[in-house]
Amino acid sequence: MQIAKVRGTVVSTHKTPSMTGVKLLLVQFIDEEGQLLPNYEVAADIVGSGVGEWVLVSRGSAARIETRYEDRPLDATIVGIIDTVSVDNRSLYSKRETERFT
Amino acid sequence: MQIAKVRGTVVSTHKTPSMTGVKLLLVQFIDEEGQLLPNYEVAADIVGSGVGEWVLVSRGSAARIETRYEDRPLDATIVGIIDTVSVDNRSLYSKRETERFT
Amino acid sequence: MQIAKVRGTVVSTHKTPSMTGVKLLLVQFIDEEGQLLPNYEVAADIVGSGVGEWVLVSRGSAARIETRYEDRPLDATIVGIIDTVSVDNRSLYSKRETERFT
Amino acid sequence: MQIAKVRGTVVSTHKTPSMTGVKLLLVQFIDEEGQLLPNYEVAADIVGSGVGEWVLVSRGSAARIETRYEDRPLDATIVGIIDTVSVDNRSLYSKRETERFT
Amino acid sequence: MQIAKVRGTVVSTHKTPSMTGVKLLLVQFIDEEGQLLPNYEVAADIVGSGVGEWVLVSRGSAARIETRYEDRPLDATIVGIIDTVSVDNRSLYSKRETERFT
């Protein structure tokens, strides 16, 4: 999975019927030092993420594993909202700390 | 999924029979600031896209999820025409605004 | 799918039995301006392509969709010979024109 | 598979139910000379890896092959802890030597 | 498939049981001019490759097509030892010539 930050939303009304009811978020990937990378995905949100949160994104056929998503043409899905990321026993990210200061 | 702009068409008459009847469009990927990237895909169009529109492209096995497309050797499919993309609560793209000025 | 130009052939006699009878071509990817990229694939040819032709290459599980190819360990297959590519209503490639001048 | 070094942990409490009980590690890829690359993955750990160890990471649908993992939306899994890597008959990495000096 | 040169071996004793008995080789990718690229894979060897040989590597779900490998978490497998690669009707590689001079 990749770590990404929710940046925005994508709306498509004229789409294949199997995409109906899928909430699509624009998520931008984050490098191992916590910086935004230029790469992004439009991912289906199945956990209720909000703009600014760090999330876990599964790509490929993993994006269609969940019940009710097997038959939708998805290749990226948000599968969790991240609480903490620690690298070499130091905190790289803490949702609680981030929210306190913003 | 990736955001891409429809740039053109690809025609292939000598092809594997399972590709018969598939409309192939050349789509070029767009970065998180709305600029064209050098990367492209030739994607099957199942939603009736037109040149200049921004579309959602699913890649990998997701491209063959739709009925009548399971047995075609596709690895990229246009699954929706994009109306709006917003990043950090600002509008990055609006199909309506784009069409008004072009 | 990607657009690629057939550049050459790869021969392997000592291989897994399921690869027997598969014609392997070296194809080099082409960018959106028609220039050769450094990236290539060794792809199974199921449409009778020749060196110099532009072809459509499907990758991933799409490469094993065709009957008689499901049980071969392929991750890239040539699924069509390209006649024309047009971008922004201009011709980027025409097989007929290319053959006339070469 | 890719060679990676375990760098840290990722915690997500608000996630899709099928991710419950999956231990998530941040692993950073290593190049062919043993140096850390900027690329990383958040991978499910099924072999009990620890921070600092070199591990084998399988990506894509391979990440869901193991029993009890087929129905989880994983696209990267640690499938082994590496003892030795040798390139051109020289040792690039030895878990035993690394642990002796650290 | 990609063309790669066998560079070395990877040993993992503490691994998921389904990886038991799989011979793992470090293979480094080769560009279209025959030069080594920085990219590599750790691939399962099912054809008896040796260090220094050029091989064909299949990635993704293709790596698990062969009988006895369907249930192992592999994402890269060596499926053939390359005899010759020719580009634009010139020889880029010949196993016989390479072995004669080394």
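All chains are identified by letter, namely A, B, C, D and E, in their written order; residue positions are counted from 1 within each chain.
One rule holds in what follows: a residue touches a chain if its C-beta (ideal position, glycine included) is under 8 Å from a C-beta of that chain, and two chains touch if they have at least 3 such contacts.
In UniProt terms the chains read A, B, C, D, E = Carboxysome shell vertex protein CcmL.
From a predicted model like this one, the values you see are computed outputs, not experimental measurements.
Steps from chain B to chain C, taking the shortest chain of touch contacts, total 1.
Here the spacing of chain B and chain D, counted between their Cα centres, is 34 Å. Inter-chain spacing, taken between the CA centroids of chain C and chain E, is 21 Å. Within chain C, the positions touching two or more other chains are listed as 60-61, 63.
In terms of which chains touch, the assembly is arranged as a closed ring, every chain touching its two neighbours and no others. Begin at chain A, move on to chain D, and keep following the contacts round; the order you get is A, D, E, C, B. Those residues of chain D whose C-beta lies close enough to touch chain E in the complex are 1-3, 31-32, 46-48, 56, 58-63, 65-66, 77, 79-89, 92. Those residues of chain E that touch chain D in the complex are listed here as 7-16, 18-19, 24, 26, 28, 38, 40-43, 51, 60-61, 63-64, 71-76.
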